[in-house]
Each structure stands twice: as C-alpha cells, then as structure tokens.
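The same subunit A turns up in both complexes below, where it pairs with subunit B and then with subunit C.
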Partner chain A sequence: MLGRVRGFLFQIVPLLFFVSLIAFILTDLLPGDAAIEKVGLEATQQQLEAAREELGLNDPMPVRYFTWLTNALQGDLGKSLRSGEPVTEVLLRRISVTVELAVLGTAFAVLLGVPAGILSARFRAGWIDAVINFLALSGMAIPYFWLGLLLIMLFSLGLHWVPPSGYVSFTEDPLQHLRLMALPTMTIAVAFAATMMRQTRASMLEVMTADYIRTARAKGLSERKVVLKHGLRNALVPVITVMGLQLGTLLGGAIITETVFALPGLGRMMVDGIFRRDFPIIQGALLATVIGVVLTNLATDALYRFVNPRIN
Partner chain B sequence: MTEPLLRLSNVTKWFPSRQQGGKPVQAVSDVSLEVMPGEVVGLVGESGSGKSTIGQTITRLHDPDSGEISIAGIDFGGMYQRELRKHRRVVQMIFQDPSSSLNPRMRVGDIIEEGLGIHGLGGDAKARKQRVNELLELIGLPADFARRFPHQLSGGQRQRVGIARALAVEPSLLIADEAVSALDVSIQAQVISLLESLQKKLNLTMLFISHDMSVVEYISDRVAVLYLGRLVEVAKASEIFRRPLHPYTEALLSAIPTTNVKTRRKRILLEGDIPNPSDPPKGCVFSTRCPHVAEQCKSAMPPLVEVEPGRFSACMRQELFEEKSKKAEEA
Partner chain C sequence: MSETSLQFAAVPEARDKEPSPIWGVLTAIFSSWQGISGGILFGLILFGAVFSPWLTPYDYTALDLISIMQGPNGAHFFGTDELGRDILSRVLEGARVSLYVAAASVVFSLVIGSAIGLVAGWIGGVFEKTVMRLMDAMLAFPLIVMALAIVAVLGPSMENAIIAIGITKIPHFARLMRGEVLVLKELDYVRAARVLGAGNTRILLRHILPNSVGPVLVYSSIAASQAIMTEASLSFLGLGVQPPTPSWGGMVSIGMQNFQFWWMSFYPGLAIFLAVLSFNLLGDAVRDALDARLQ
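Now for the complex of A and B:
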C-alpha cells in the first residue's frame, strides 16, 4: 500500500509541474498585453510602465514562471485583471458547477449507456439492437452546441417544462437548480452515453462467448443471472477504462455546454477569460481543468485495480 | 436388472452452416448409448468426431435435433428451458480448460457455492459455507482456498475447483469433457487418480470424454468409439484394448505410444483427414480411410450391432475380425 502511494506521488508530482508549465507558456503566448488590460487603453506611458513593473512583466519568462509557481503552490494564483478578485476564489466558486455537471452527466451516461449496451448485446442483430445502435451513432455524431439548442427548443420553448438557461445555486432553490441543470446534463451525457453503450455492447459480446459463461449455464443459472452476474461483471472492466478516458472529453464538452446554457462553471470562466484577456483567470481555469483530468485518470486506475483482481 | 442412468436413443445434432445455403454440419448422428449407474464410460475419437458435442448435448448446452436423452428416468432431452433449469443439477460437466471455465471475478468459494444456492441445496448460508469446505477437502485443497481467485491457483488446482463445483450439486451423472487434456502430464495423473477415487467413494456415474486412449483405458469400465459423429464400436475397456473389432478402433489403438518392445503393435496409418462432417461419405463413414474397405461398404452405413454379448460394432465386414479372433485363439 505504501509502495503504491509512493509510486502515485512519483507519477503525479512531475506531471503536475509539467502541466503547470504548459498552462503558463500557453497563456504567455496569447496575443495581448496584460498591462493594457489592467490600466486601459487611455492610460499614459508612465501608468503602463508602472503596471508592467507591478505585474512583473519586465522579468524574463523563467523568472515569471518561477514567481507564479511559488505563489500557486501557496494557493495564490494572482488576481483577476478585471475585477481584482483573487483567482483562487473565483475558481472555488465556479468549480462546483462544473463538477456537478460532470458527475450528473457521467451518472446519466452510465445509467443510460450500460443497460442499453447490455440489451443491445443480448438481442444482437435484432430490431432492439438496430434501434439502439442508430440512436448511439446519432448521439455520437451530434455536436454539443446543436444538441443543446435542440433540447432548448423542445423542452423549453416547445413544452415549457424547464427554463432555457440560467443558474440558481442549490442552496438557494433546490428544485429550480435541478430544473436548470437538467438540459445541460442531457446535452453533455448523450455522446458519453453513446460511447458507454458501444463499449458495453462490444465487451458483453466478447465476454458472453467465454467458457465460464458456459459453466454458469451448466450450473443451471437463469439467463438473467448469467448475463448480469457472470457476463456484466467481467464486461465492465474495459467500460470503466473508457469511462475514465471519456471524462477528459466531458470537460471539453462542459466548456461548450456551459456557454450554451449560461452556467457559471469552469468552462465559461475560461472562455470569458480568453475574451477579456484576463490572463490570471485563464491560467487558473486551465490549471484546474488539467489537474481535474489527471486526477480522474488516476482515480480510474484505482477503480480499475478494484474491479479487476488480476492486476494486483 | 437395473435401469440405465443415462440413455441416449438415436440422438442427432446438426449445426447450421455458416455460409448461406451451405449444408449443415452433422456433428452427432444417430447415437444410442446406455450408461449404468456407477459405471464409467469412456468416449473416444479424434478431433472433430463429435465427442464434445455429445457431452454438451447431454447437458443441454446444445439442444438435440432429434432422438431422446433420458437421465435418471427423466426425459432430459425434451424439456423446455424453464423446467430444464430446475433439473440442471442432474448432470454436471467438468470442462476442458480450467483457466477459462472459471469466472475470473469470483472467489473459489463463491464459484463452488453458487450452484448450491440456485438449486436450494445445502441449507442456509452458514451450512453452505460448511459444504464448500467439505468439497474443498474432498478434492484435496485447503479450506482457505475458498477466498482465492482462480488466477491465484495452478492449472491442476483450478481443475480441482472445476470438479468441486460440478460435484457441489450432487449430480447423478458427471461428464468429464477432456478434463485433463489441458494439464501437464504430471498433473494429469493426479487429477485422474482424484477422479478415480471420487468415483469409487461417491459411486459416480461418469461419461469420460477424451482423445487420450491410455487415460481412457485406465479409468473406464466400457469404451465407446466415435467416428464422424457416429458410434462405431462399444465394448468393455478390457476387451476393446485387447481385441478391437472395428477397423477404426484398431487403427486408433495402434497409435498409442508404448515403451515396451514386446507389446508394440504394428501401427496402422490412416490416410488423410476425417471427412467433412457437412458432407459425409455415402456408405460407411469410415469407408474413405478404411484399410479393409470393400465394395459393399460404399452402399450404406452399417448399423451398430451386438456381435458378441455386450460388444457392439458397426462394420460391414465383421467376418474379417471373426477370422482374426479365431486365429488369435488358435495361436
């Protein structure tokens, strides 16, 4: 156990340093001048110089990175150029929305995709399989922004079930909160569910030809038990791997989804930051996103060990 | 006279061709066989002769196309799925590959116990656990193996688990389908003697499917020889090995390797491969490879007839072997 923790640290620490470097350089490469953003276009040359000095922009890049990193390690990611608010505070407020979206989306995708995959494999080549496959392929092909708009047209403008966009925190009004999260969750989950379904189907088809499935049938198990207990448990291993990989894609989808539905999440924080050339905000959001992806992958690894006893 | 425990009457199993409009594969044709309680019958034949198909048809992992299968007096072959499931415990199978036949995600104890739960045997959870320990002891594994996963066991230990899980539900008939073929020779001997001692101890009725003649000779009371999905000879093990009647059996036995120069038999080499089972030869199925083939062999498949008390053979040219046995007696 201790060895695994140590291996984990050896893996994650250099990775995070590398990631922080990329986040810093990429932002540095963006066009625009942070000092102008801070003092405005009408400022005098002197004011501009003063702002440059204050932001440390006159230092060479490695020095700036080192200063930024030292601060970042202490939890200080700088202040927003626009509002002056500390980036860490903005992040903490925004990250919960994206995490909620990701968790709800994943849950929805798994609850929809895995049973659909099982059904599809069980009734392979029949009409159920054909319908599910058609839906899955459509789900994978449809872009997030278009799907989001279609859902708004159907459920908000057409049926008036839920408001089209906006955000209310859960503590403020739980019911309204969930109503507002419903469409974004569906938007982000459809492609994910489709991938889950395809993976579950392929994996089930393979597992169901295994010898131990024959053994289970010979024991006299009902077909339902054979499929769910012996088949599914073994088929889930690759499904979990793909789920972990898909979580990265999900965060990309969150950027678009949050923009379409006007949700104050991490993705929109990044997009807004880019439009306003608010460099500390971009860096913070980028860093948080990448760390999120790295951590989910490590969590998937751990989960994978848990479901597959042969790995240990 | 006691009733046979397993009775196969004219059992046939055809598999549809994979190609569109192709002829079906005749895996098992018109097989009739009886196995008495407590008897071990060896089923031998080369690859593709339909040995495993017979085993899997008896256990209803495949459904027979025609013919009757009765086990312990119940019509097992004609049952519908729902009813069949309740009776599954009557016949259990030990599979060839112990590594892939055990669910890798389940612990040994759960694998053995599962059958008990399904069929409502072994009482409550505690009693069932006790029963699992007994079964582990029976097959010679320590009780703490119940907590292990299959991949933590050696091949021989896995096959022991396969045997324990088959025996767990106290089947009337045990089918061992190439139960030792996937094991090392040294382990084969252990598992065979385990099966033999279990058979004696529990008075098991067993159908022992194998392509290994020496293993079959060791464990069987009677031997049935299969060629291209048809039985060509059935006889007591001691007799069939001493004096095979059917030309195919003779060829099969001549292929057993021996280290004793005196008992070394003249090897009869059969030419070519077993014919395509979707397009079997017109007359006798063995006619294309038989060293004694005559004109009459190409007209029809000879039926399995009782040529001597308790000895069955399916050959047109029985006179050949009668001559031979006379010679053997005179000498």
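Now for the complex of A and C:
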C-alpha cells in the first residue's frame, strides 16, 4: 500500500509540476502588458510602475512562477483585471455549469453509445452493424458548433420546443434550466456517444470469444443472459476507462458548446478571457481544466486497477 | 475523438518484419467500404480545392450587393452571404485553406514529434523520463484548449493556427514513435547492426525510422482529421484564419448571426463534416489493412 502511494506520488507530482509550468508559461507569454490592462492607457507613469510592482511583473520569471504557484496552492489565483473579482470565485461559479454539462452529456452518451455498441457487436457484419458504425463515424465527424446550430434550427426555430440559447440557474427556474440545457447536452454528447459505441463494440467482440462465454453457452443459458450478464459485465471495464480518459475531449467540446449556447461555463470563461486580455482569468481557466483532466485520469487509472487486480 | 486511444496503442506488440509490398496494402485499403467511400470523398474535396477557381463563374471575394443573402438558386447553388458573395465559391476556396492548414500542421507535428520520440526512446534513462513526462503534461491539455492558448500568445492568423495545431499534436507523435523505438531497438537486426559498428544516427535513420512508417501514417490520417476540426473551431471562435480569407469555421460563425438564412452556415458546416469524415474513414481503412498485413 505504501509502495503504491509512493508510486502514485512519483507519477502525479512531476506531472502536476509540468502542467502548471506549461499553464504559467503560456499565459506569461501572452502579448500585452498586464499592468496597462489593469490601470488603462491614460494612467501616469507612476501608476503604471505601481501596478507593475503590485502584479510582481518586475521579478524574474522563475520567481514569478514560484510566487504564482505558492499562491495557487493556497487557492489564490489573483484577481480579474477587468472586474477585480478573485479568479477563484469566478472559477467556482463557472465550473458548476461545465460540470453539469459534462455529467449530463456523459449520461446521455452512455445511454446512447453502450446499447448501440452491444447491438452492433451482437449483429456483427450485418446491416444493423453497418448502420450503427456509419452513424458513429458521422457522430465523430460533426463539428460541435455545426451540430449545435442544426439542433437550434430544428428544435427551437422549427418546432419551438426549447429556447435557442441562454442560461437560467436551476434554483431560479428548474424547468427552464433543463429546457435550456437540453440542446447543449445533446450537442456535447453525440461525439462522445460515438466513441463509447466503438469502444463497447470492440470490447464486446473481444470478450465474447472468451472461454467463460463458451462455458455459459454450454450450460444452456439464454443468449440474452450470456450477452448481458457474462459479456457486458466484463466488456464494460475498458469502456469505463475510455469514459474517464475522454474528459479532456469533453471539456474541449464544452468550450465550443458553451459559446454556441451562451452558457456561462469554464470554456466560455477562457474564450472571454482571451478576447478581453484578462490574463489571470485565462490562467485560472487553463489550470482548472488541466487539473480536472489529470485528476480524472488518475482516478480512472486507480479504478481500473481496483476493478482488475491482475494489472500491477 | 480517439486522441486517448493512443495510450493503449503506444507500445505495439513485437511483430514479424517481413517486406510488405505497398501494392498489397493499397489493395486492402480500397477493398473495404471505408476505404472506398473515404477515398471518393477525399478525392472530391481535393478536386474541389485544386480546381476551385474554375468550378464556379464567381470570384470568392467578389461582392454583389444587389444579390445579398439569396437562398440556394440556379445562379448560386449554395446561395449568397451577407455581402452577396457566392457561398459555393467560398466553400471551395475554404477547402484549400482547410487542407493546407491540415497538411502543414500534420507535417509540423510529425517531424518534430517523431524526432523527439525517436531520440527519447533511443537514449532512454532520465532524459527519456523527463521528456515523456513533459509530453504527458502537454497531453493533459485538451487539443482545443492548448491550441486556443497558443493562438492567444501568437495572435490570430492562419500561420499561427498551423503552429498552434502542430504543437498540440507533437506529444502524440512523440509517444507513438517512442513506443516503436522501444520495440524495434530490441530486435535482432538492430542489435546486429550495432554489433557491426553502425553509429546511432545510421541505425536510427536506416533501421528504426523506415520500420515505423506504418503506424505513423495511420496516425497522420487521424491527426489530419483533428487538425481540420481544430482549425474550424479556432476560426469559428474568431481566433483562427482571419477574413477576408474564407474558412469553413469562420463562415459558420457568420451564418450563426443570421439564423434565418440557414444556407450561410449549413454548407460550410457540411464541408467540415465531410472532410473530417473522409479522413476518419481512410484512417480506419489504413489501420485495418495494416493490421491484417502485420498479423
């Protein structure tokens, strides 16, 4: 156990170091002067110098990185250059929207992708398999923004079922909230469902050739039971792994989806930050995204080892 | 998309290295439905990109303020945009932009990423560990997030989109190539070459590199489809290819401000979809063909 914890630390600490370094360097290289962005172009030389000193821009880069990291570890990511609001507070508010989108999208993708994958593997090489495979390939090729647009045209402008875009918090109006989240959820889920389908199909096909499946069939179990109980249970392990490892792709999709549907999430925060040249905001969004991905990958890895103790 | 599946494929199993006639692989690729449909689609897009100036009577920049926002009709098959420009001409010109960005960024990441993976896998030790940790750290950033951050640093333009997309795909090629090197460097003929006194450079260039072409090519096709998607997304956000150069993503973005004129966003979006689909189909076909040959 101690060895495992140590191995875990050896893995995560250098990774988090590099990840935070990349996030810092990228935002540090951003063109423009954070001091000017903060005090405005009309500021006097003294004001500018004071702002520089306050933001620590006069220190050499390693010192700035170290200061930033120490503060970040204490939950202080600086303040927005535009609103003056602490970045951590903005993050906390924004993350919930993105997390909800990711959770709803994942649920939708699983409900769509896993049964499709089972069907596809069950009727391998038949027309059902061909149709599902083609749909999956198409799902992986549709740009999020175009899919979102088509859904808006169909369900909002055509059928008037849901409003085209916007955001209302759940506590304010639960029904309207869910109506507004429906199209973004579908948008972000389609590509994910396609990936899930392909993974489920591949691992079902692999599992179904195993000896215990032959044994189950020889026992005289119904095909339904063989597939769902013995096949699916074992096939789901790699599917769950892929699910965890796809969080990065999902967060990437969230940037586009949040832009199309005007959702105030993490992705939108980063894009807005870039356009407003609000460096601490970009840095915070970048760091939150990547740390989310790293932690999910590690959790997936741990879960995989737990479910499958043969690997070590 | 399948950016993470690479993690499972990073270290391929040792396999027999027999001379593989390229003809056999090509036949295998184009005898699957994925290969045929992907090949036809890609052929059409390439044709449109190469011959775009001669395929329509309109210049893609020509304004025609009398016929703005026209729906698809006999004169303009895909309709016209807010400045009266012919959308079909712009979609065809967009194919040039899109394929150019994809090709350039894939070459960029293939060359740099493969070189990194080759050297890291060959040298090994602390150097390899450090480099690969850095690659892992880059992989933790979602493609579009990394590309956005780099474009924000460099400024929005087509060249910078190429560099940004190229950089984001470096770790994928590095991991792939490192995995190949780790397998290949233990093989008898590589050891024999070393015993015979061949230098590092010679072994890497003559024995390792040519034998890892297959997986790298398969991955290039996936990388190209991701590059097209990422470029379109960057341009959609306004941080990629800048007007007046037409880009599919940018055209969808303008069309989105004019919902009721559906053709403005529909056709460029369809073009992105078909281009990405063609690369995915070809990637599947090439992978299956190589798998069959290597088994």
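Observations
The definition used in the following text is that the second predicted complex is superposed on the first by the 300 of 312 C-alpha atoms of A that agree within 3 Å, B and C clash if a C-alpha of one lies under 4 Å from a C-alpha of the other, contacts with A are read in each partner's own complex, and residues count from 1 in each chain.
Keep in mind that, in the parts below, a contact is a pair of C-beta atoms (placed from the backbone, for glycine too) under 8 Å apart; a residue touches a chain by one contact, two chains touch by 3 or more.
Since the model is a prediction, treat every value here as computed from it, not as a measurement.
Aligning the two structures on subunit A places subunit B and subunit C side by side, free of any clash.
In the superposition on chain A, contact of A:P31 is made with subunit C only, not with subunit B. Of the two partner chains placed around the shared chain by superposition, neither subunit B nor subunit C is touched by A:T98. If you count the residues of subunit A touched by subunit B and by subunit C, you find the higher number for C. When the two structures are aligned on the shared chain, A:A191 is found in touch with subunit C, with no touch to subunit B.
By the document's definition of touching, neither partner reaches A:T300: not subunit B, not subunit C.
By the document's definition of touching, neither partner reaches A:T106: not subunit B, not subunit C. In the overlay built on the shared chain, the residue A:Y212 is in contact with subunit B alone; subunit C does not reach it.
In the superposition on chain A, contact of A:N234 is made with subunit B only, not with subunit C.
Put simply, the three-chain overlay gives an angle of 80° at subunit A, taking C-alpha centres for subunit B and subunit C and rounding to the nearest 10.
Superposing the two structures on chain A brings subunit B to within 16 Å of subunit C, judged by their nearest Cα atoms. Within subunit A, no residue touches subunit B in one complex and subunit C in the other. Those residues of subunit A whose C-beta lies close enough to touch subunit B in the complex are 210-212, 214-222, 225, 230, 233-234, 307-310. By the touch rule above, subunit B contacts subunit A in their complex via residues 59, 61, 85-89, 92-93, 95, 97, 100-106, 114-115, 118-119, 149, 151, 162, 165, 169. In the complex of the two chains, the subunit C residues touching subunit A come out as 1-5, 7, 33-34, 133-134, 136-138, 140-145, 148-150, 152-153, 155, 225, 229, 232-233, 236-239, 249, 252-253, 255-256, 259-260, 262, 265-266, 269-270, 272-274, 276-277, 280-281, 284. Here subunit A touches subunit C in the complex through residues 14-15, 18-19, 21-22, 26-27, 29-31, 130, 137-138, 140-146, 149-150, 152-153, 157, 164, 191, 195, 242, 245-246, 248-249, 251-252, 255-256, 259-260, 270-271, 274-275, 282, 286, 289-290, 293-294, 297, going by the rule given at the top.
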